[in-house]
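In what follows, chain A forms one complex with chain B and a second complex with chain C.
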Partner chain A sequence: MSAVAGFPQAERQRRPALGRLLGSGAVMVTVIYLLLLLVYSLCQKNALSMTQFSDQLSNGLPLALGAAGGTLVVLMRGFDLSVAGVIALADVLTATQAGDGQLGALLCLAMVVGTGLLVGAVNGFLVAYVGLQSIACTLATMIICSGVALLVLDAPGGNVPDFISDNLTGTLLGVPVPLIIALVVLLGWVILRKTNWGVGLYALGADETAARLAGVPVRRVKFLAFCAAGALYGVAGMMLAAATSNGDPGAGTSYLLLVFAAIAIGGTTFTGGRGGLLGSMIGAATLMLLQKVLFSLGVSSFYTGIGQGLIMIAAVLIAALSARLARRMPR
Partner chain B sequence: MTKPIVLPNPRLSAQASQVAGTTASLAPYLRAEGLSKAYGATVALSHVSLDVHAGEVHALLGENGAGKSTLVKILSGIVLADQGRLEVDGRPFEPGSLLGARAAGVSTAFQELSLLPNLSVAVNLMLPNLLKGPLGINSARRNEQAAAALLQDFGVTTVDPASLVADLSLAEKQRVEIVRALSHRPRLLVLDEPTAALADPGWLFDIVERLTGEGVAILYISHRLAEVRRLCRRGTVLRNGRSIATVDLTGTPDAEIFRMMVGTSQDEPKHKPMSNRQSIGPRLSAKGLTGRNVHDVSFEVGDGEILGVAALEGQGQRPMFRMLAGLEPMTAGTVRVDNKEADLRSPAAALRSGIGFLPEERKTEGIFLGLKAASNISLPILGRVLWGPFINHRRENAAVAEASQHVDLAKRYQAMRISSLSGGNQQKALLARVLLAGPRNLVLYDPTRGVDVGTKQVIYAAIRNFVDQGGSALIYSTELAELVHLAHRCLVVYGGRIVGDVAGSLLTEDRLVSFATGHGDIAA
Partner chain C sequence: MKEAFMPGHAVADTRTTGRALGSEVITPLVLFALTVLLVIASRWISPSLGGFHQVAAIIVLSSFLMVVAFGQQMVVLIGGLDLSLPSLLTLGGILTFAWSGASGWSLIWILLVVLVVNGAIGALSGAGIAWLRIPPFIMTLAMGIIVYSAALGITAGTPRGHPSAALGSLFSGRILGLPPIIYIMILFVVFGTALQSYTPFGRKLYALGTSPVAAHVAGLHVAWLTVATYAISAAAAGCAGFLLVGYAGGATLVMGQSYLLPSIAAVVVGGTSIVGGRGNYISAVAASLLLTTFSTIISSIQILEGWRTIIYGCLILIAIAALREDVPLWLNRSLQRPSRPPQAPGAARSTQ
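And now, the complex of A and B:
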C-alpha cells in the first residue's frame, strides 16, 4: 500500500521493509524450511522429484490442516486441544462409514466437516457464551471425541474406499491434490482475514477489552473461530485416513503437540493477535520434512522428537530475536 | 473511602441553581438524576445528578476514586446503573452496550486508550464495520482513504492511516482515540482526560470549539483546571461517588473548587511529633532517579521520618515506587540506604538492601488467597525458622504472633484462610509480612486503600511505631487528608517530576492539590 496522498510526513511511521520482513513469522519459517530442503537434497538423490514432493504433501497435510485450525483459536488468545479428538474421530469415521465413488467421498467430506463443526460449536458455545476456559473445555471435548472414536472403531483397521485414498493423495491435471487442498484453505483464509470476523480475531487476540470497546462482537467472533477450527480438523482427519489407507482411533494423540509446535514455529504467538495460517502450515511442513531429513541422514527415528523440539526452540528464539530487532530498527 | 460526606454548602447550591436558571430556557441534552452504582460492597456512585446542554462543554471534576470513571462507563454503555434515571435528548437512555450508546448519539474517548496495537490506524478507526471492496471483502485501500479523510477532517496530519497503532507515539494514539470518538458524529461526546498525553492541547480545543458550535454537548473530564476553565463555563464536582455541586466556573475561585473536590478533613487534630532523635543523615535517599515516566527524582527520608508523596493518577508515582521496590528498571540515578548503594535489580534484592514494599494491588500483588493468614505473614522469614529442611511451626507461629501484634491482627484470624478475612484484616496481614521481613525503610503504595476507619488508625499507628524505632517510611496515598494527617513532610509529583516539597507546618490539602494539578504558583 502506498502512503495516502496528503500525508507528507507519514512515511516516517512505516516500518522499514527489512524490519517488517524480520518481524514476519511466515518469512522466518519459510527460510528454515528452505534450509532443511537444501540439506535434504544434498543427502537424498531424488529429494526434489515430483513423487517425493507429492508424498511429503500427503503426509504433511493432516498436520498442516490441524495447525491451520488451531491457529484460528490461538490468534484470539485461546487454546483448542480438541484437535486430537476430532482428527481421530474423523479418521475412523472415514475408515468405517465412507461409501465408494464420488458421491461417497462427498458425503464423507460432509460427515467429517459436520462432525468438526459440531465439536467446534460445542467448544465455541462453552467458551464464548458460557465464559469457560478454552483449555479446560477443549480438553474435555478432546477426551469425549477420542472416546467416541474408540466406539466407532476399537482397533486400527477399517477400510478407506480406494476412491478417497487414491484421489486425495494423487494429482489433478498434474498438480498434487494435497497442494490444491492446502491452497484452497489458504485462499479461504486470505479472504476471511479481510472480513470483519478476520479482523475481529486479531483484535480479540491483542486486547479483548479494547476489542469490545471498538464494537467487535466478541462472542460471535470467538464462536465462529472454534467452529471453523473444528471443520478444518475434520478435513485433516479425513486426509489422514486417505494418506494411511486405514483408520486408527489413537491417531490423534501424536498430533496434539505437533499442531502447537507447528503453530509456534510458524510465528503465531500464543499471546494472541500475531501470526497467521500460512506460517503454521509451512511450520507443519517443516516438522514433517525434518523427519525425512533425519531419516535420510541415518539418524534413528528415536531422535525425531529431539530434533523437532530443537527446531521449535530455534524458531521461537529466532522469532523473539527478530521481533526485538524489528522494534529497534530506526524509524 | 470513609471521609464523611459533606452536604453542599448552601451558598454553592444557590450559585448552582442560579446557573441552572440562566440556561433553563433550553432543556438539557443529557440529564442524569440520582445515578447509583455499587460493585459488591463498594459504592462507586451514589445519587449523582448532572445535566449537560447542547453546545455546552461541561466539566466533571473530582479526585481519583470520586466516581468519574464509573459515570463515564455508564454513559458509554459499558456498565448499567443500579438506580437513577438517564435522559438523552428528552428520551430515556439505558444503553446495554457500547454500540447502543453510540446509536443514541453518545460516544466516548477513553482515558485508558482502547486502540488495538496490532491493527492499522485505519482499521481501528473503522471498526467494527469495515468498508468493503467490490469483492465483498474488506478493502484496505478504501478503509485507508476513509480514515485519511477522517483524520484530515479533524486536523491530524502526521498519522498515516496504514501504519500500525503500535508504531505511533502516545500523543498520536491519543489523537486517534479522540478522532475515533468523533467519527461517530456524536451528539454527546465524553472526553475522559483527553489531554493527558497531548503536549499541545490547542488541537483539541479547536475541535471542541467547532463541535459546540454545531450544538454537540460535551462532558469534559480533566485534572488540569486551567484547561477546564478555558473550555467550560459550568462544572460538576464529584466526591466519594456523590455529586457535590454544579458550579459556575467563572465565578468560583480555584481554591473553592479544590475545597469541594477534597472536602473538609474531619480527622482528629494533627499528630506531628517528629521524633526528637538526632538524625544521623538520611536513611533512604534517591538521586536523579529516572525511568519510565519518572524524570530525575531526588529525595531523602531521614530516620524517624514519614515522607508522603501526593500525586494525581498517572503522574509517575507508580513506576517510581516500583523502582524502589525492584520491580521496574531505572535507567539512571542511584538509591542509597544508610549511605550504601541499594541493589534494586529485583524485589528480593531490594528487600535485602533494606526496603520493604507494600504493593498497590492487595489481591493480585500482595496476598496469596488460598493460604492461611499466618502463612501469608511468615513467607519472608521461612528461611529463618527452619528445622533441617523443614519448617519449624512453633518458631514460625511465634514470629507471626509477634508481627501480628504490631498490626493488631487478632489471633483467631491468623489461622484462617486469608481470602475469608475482610479487606482491612488482609491489609493488616500484608503489612505484618512487610514488617516481619525486617526492613529499615518502608515504601508503601496506598497502604489504606479500601480499608475501614479502624484499620486505618491501626496502620497509621504501626507506621508511626516503625519510624519511632528509627526506621523511615515513604508513603503514597490517594487520600490527601491521610498524607496531611500522617506525613512529616510531603513531596508532590506531577508529570514524573517532583514539583513540590511541603514541610509539615505548611501541609494542607489545598496546597497539595494546587501542586498536584500543576498550580504550584497558587500554593506558593
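And now, the complex of A and C:
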C-alpha cells in the first residue's frame, strides 16, 4: 500500500516544474478560465466586480459540486447518471421540507446529504457488490429519484426558507459563502486523497486487477466513492434550491450532460485514474462563464451552443496537447 | 506461485468466452419472453390491453427506439457512447419535414439526403475521436450541442414544412392487417443483425471494442472503422427522425430529446457491455420492445406521474439485475469469498 502511495510523489519530484504544470488538467483549465475572464472583462464593464463574481459563484456552485461528485466515479472508470436524479430530489426536498432558521438549515443539510448517501449507497452496492454496470444501474436510480422528486413536488414551485437562500448565496466575513463551500469540499478532497481510500481510488481507475492484487479493497473503495458522490449531489441540489429560491422536479436533467462536460474540460480522463476534483470544479466555472462571455459578445442566444461546443472540443484538445508536451519534456 | 494463480485465470476465461456465447442467445430470448408475458399479464390491468392491436401498437411505438438503438449499440460496441443522437434525430426530422409533402417517390430522395447529411456529421465526430483522440463522450456531446444550436438558429425555434401523407401511411396504412412499418422494421432488424454479426465489418467492430491495440496490431484500420461506426450511428438517428415525422405528422426541436436515455437503456438492458466488445443488436431490439411495453402498460395505470416514473425505474433495475449473465457465477463467488483475501496478498508478494 505504501509503495502505491509513494509512487505519484516520486514521479512528481522527478519532473521539471514546467512539465508538471503543463501536464496537470487543473492548471490548463485554470488558464482557459482566466483567458475567458479576460475576454469577459474587456466586453463587459463590471465583469470583475464583487457582485458579479459572487453571482457567478452561487449560480455555478451546483454544477461544480455535481461535477466534483461525478469525478469520484469517473476516476474509477464509472459513469454516475444518478446526479440528475439526486440534484432534483434534493432541490425539491429543500423547497418543501426545510424549516426556517439555523436549525432548519442544518436539518435540511442533514436531509439532503442523507438522501444523497442513501442513493449513493444503493448505486455503490449494485456496482461494487452485485457487479452491475455503473451506467446501467445509475440510469435506473436516476429515473427512480426523479419519480420521487415528482411525488414530493409535482410542478415547479415550493418555497425555500429565506435563511437558506440568503445565507448560502450571501457572504460570510466578506467572503462569498459559495466560495467557502467549494473550498471546504476541496479541503476535504485534499485530505481524503491521501488516505488509503483516495490512493485506492486512483489505483483502481488506472488498473483494477493490479489494484486488487496490490491489496486495495476494491469493493469498499467503489462503494464509498458512490456514497461520497451522492452526498455531494445532495449538497448541490440544496445549493440549487438556494440559488433559485424555489424547487423544480425537472431541475436535474439540464445538469446531467453539463456535469460530464465539466469533468472532461477539467482534465479528468474517462479512461480512469487521472484527474481530480479541482479541475472539474474549475471546469464547471468555465462552462458557466462561457455562457456569459458568448452572451456579452453579442452572439444570438440561438447560436451560443455552437460556441459552447467548439470551446469544449478546443479545451479538451489543448489539455491533451499540453499533456503530450509535458511528456516530451526532458526529465 | 504461478501455478497457484493459474486456476483463477482459467475461471475468468470461461466467464468471458464460454458464457458470452450462451448469453448471445439467452438474453434476447429471455427479453422476448418477458415482453410476451407482460403483454399477456397486462389484460388484468385493463381489458383494453393485451390484444392484437396493442401488440401492433407497441411494435410501432418501439420502432423509433429500435432504429436509434441500432446506432447507439454499434458505438457502444467499440467502447464509445453517442450523446449526439437526440440532436441528429431532430435534424433528420426537421430536414424531412421541410422537404416532404410532395409525391411519394420523393421521400426516397429525402431519406437519402438525410442519411448523407447525418452520416457526414457523424463521420466528423468519428474523425475527431479517431485522429484527434477527443474522448467520444465529449466529442459527441459537443457535436450534439452544435447541431442542436444550428438547427435552433436556422429554424428560429419553429420548424416549418408540410406533413407527408405518403410517410404517414407507413403508420396508418394496412398490409395484411398490419401497418407497413412493422414489415419495414422486420427487414431493418434482419439487416442490422446481419451487418453486425455476419459481415467482416461487424466482426471487426467486436475486435476493435475488445482491444483497440490488438485490433490495430491485427491490421485493422481502427480510425476508419471508428469513423464509419459514428457515421452509421448518426445516419440511424436521422432515419429515426425521418420515421418520427411520418408518425407524428411534424417535427419539433425537442423530438429527439426523449430518445437519448432510452437508447442507452435499451443497449445496456440488452446486455451490451459499456466498455465495448460484447453485445448484439437483436438483444437491443428485444430490450427496446420490453422498455416500450413497460411504459405503455405503466401509462395506462391510473396513478400519479411520480409513481409511474418510480415503477419504470424499478422495472429497468430489475431487468438489468435479472439479466446479468453471470448471476450463477456471482452466487458461487459470494459463497467462496472467505477463501479469497489470503490469496490476493500472496499473489501480489510473489510478483515483487
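One rule holds in what follows: the second predicted complex is superposed on the first by the 318 of 331 C-alpha atoms of A that agree within 3 Å, B and C clash if a C-alpha of one lies under 4 Å from a C-alpha of the other, contacts with A are read in each partner's own complex, and residues count from 1 in each chain.
Here is the rule we use: contacts are C-beta pairs under 8 Å (C-beta built on N, C-alpha and C of every residue); 3 or more make two chains touch, one makes a residue touch a chain.
Every value quoted in this text rests on a predicted model; they were computed, and no experiment measured them.
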First, second, both or neither for A:F302, with chain B first and chain C second: second
Contacts of A:I313 with chain B and chain C, given as first, second, both or neither: second
Touching partner for A:I191 - first (chain B), second (chain C), both, neither: first
Which partner, chain B or chain C, touches more chain A residues: C
Chain B versus chain C as contact partner of A:R212, first or second or both or neither: both
Contacts of A:M111 with chain B and chain C, given as first, second, both or neither: neither
Overlap of chain C and chain B interfaces on chain A (superposed complexes): 212-215
Contact set on chain C toward chain A in their complex: 83, 128, 132-135, 137-139, 141-146, 148-150, 152-153, 156-157, 261, 264-265, 268-269, 273-275, 304-314, 316-317, 320-321, 324, 326, 330, 344-345, 347-348, 351
Chain A residues within the chain B interface of the complex: 1, 3-4, 6-7, 9-11, 13-15, 191, 194-196, 198-200, 202-203, 205-207, 209-217, 273-274, 331
Contact set on chain A toward chain C in their complex: 77, 79, 81, 126, 130-133, 135-137, 139-152, 154, 212-215, 257, 260-261, 264-265, 269-270, 300, 302-306, 308-310, 312-313, 316-317, 320
Interfacial residue positions of chain B with respect to chain A in the complex: 78, 98-99, 102, 110, 114-119, 123-124, 127-130, 135, 137-138, 140-141, 144-145, 148, 152, 157-164, 167-168, 180
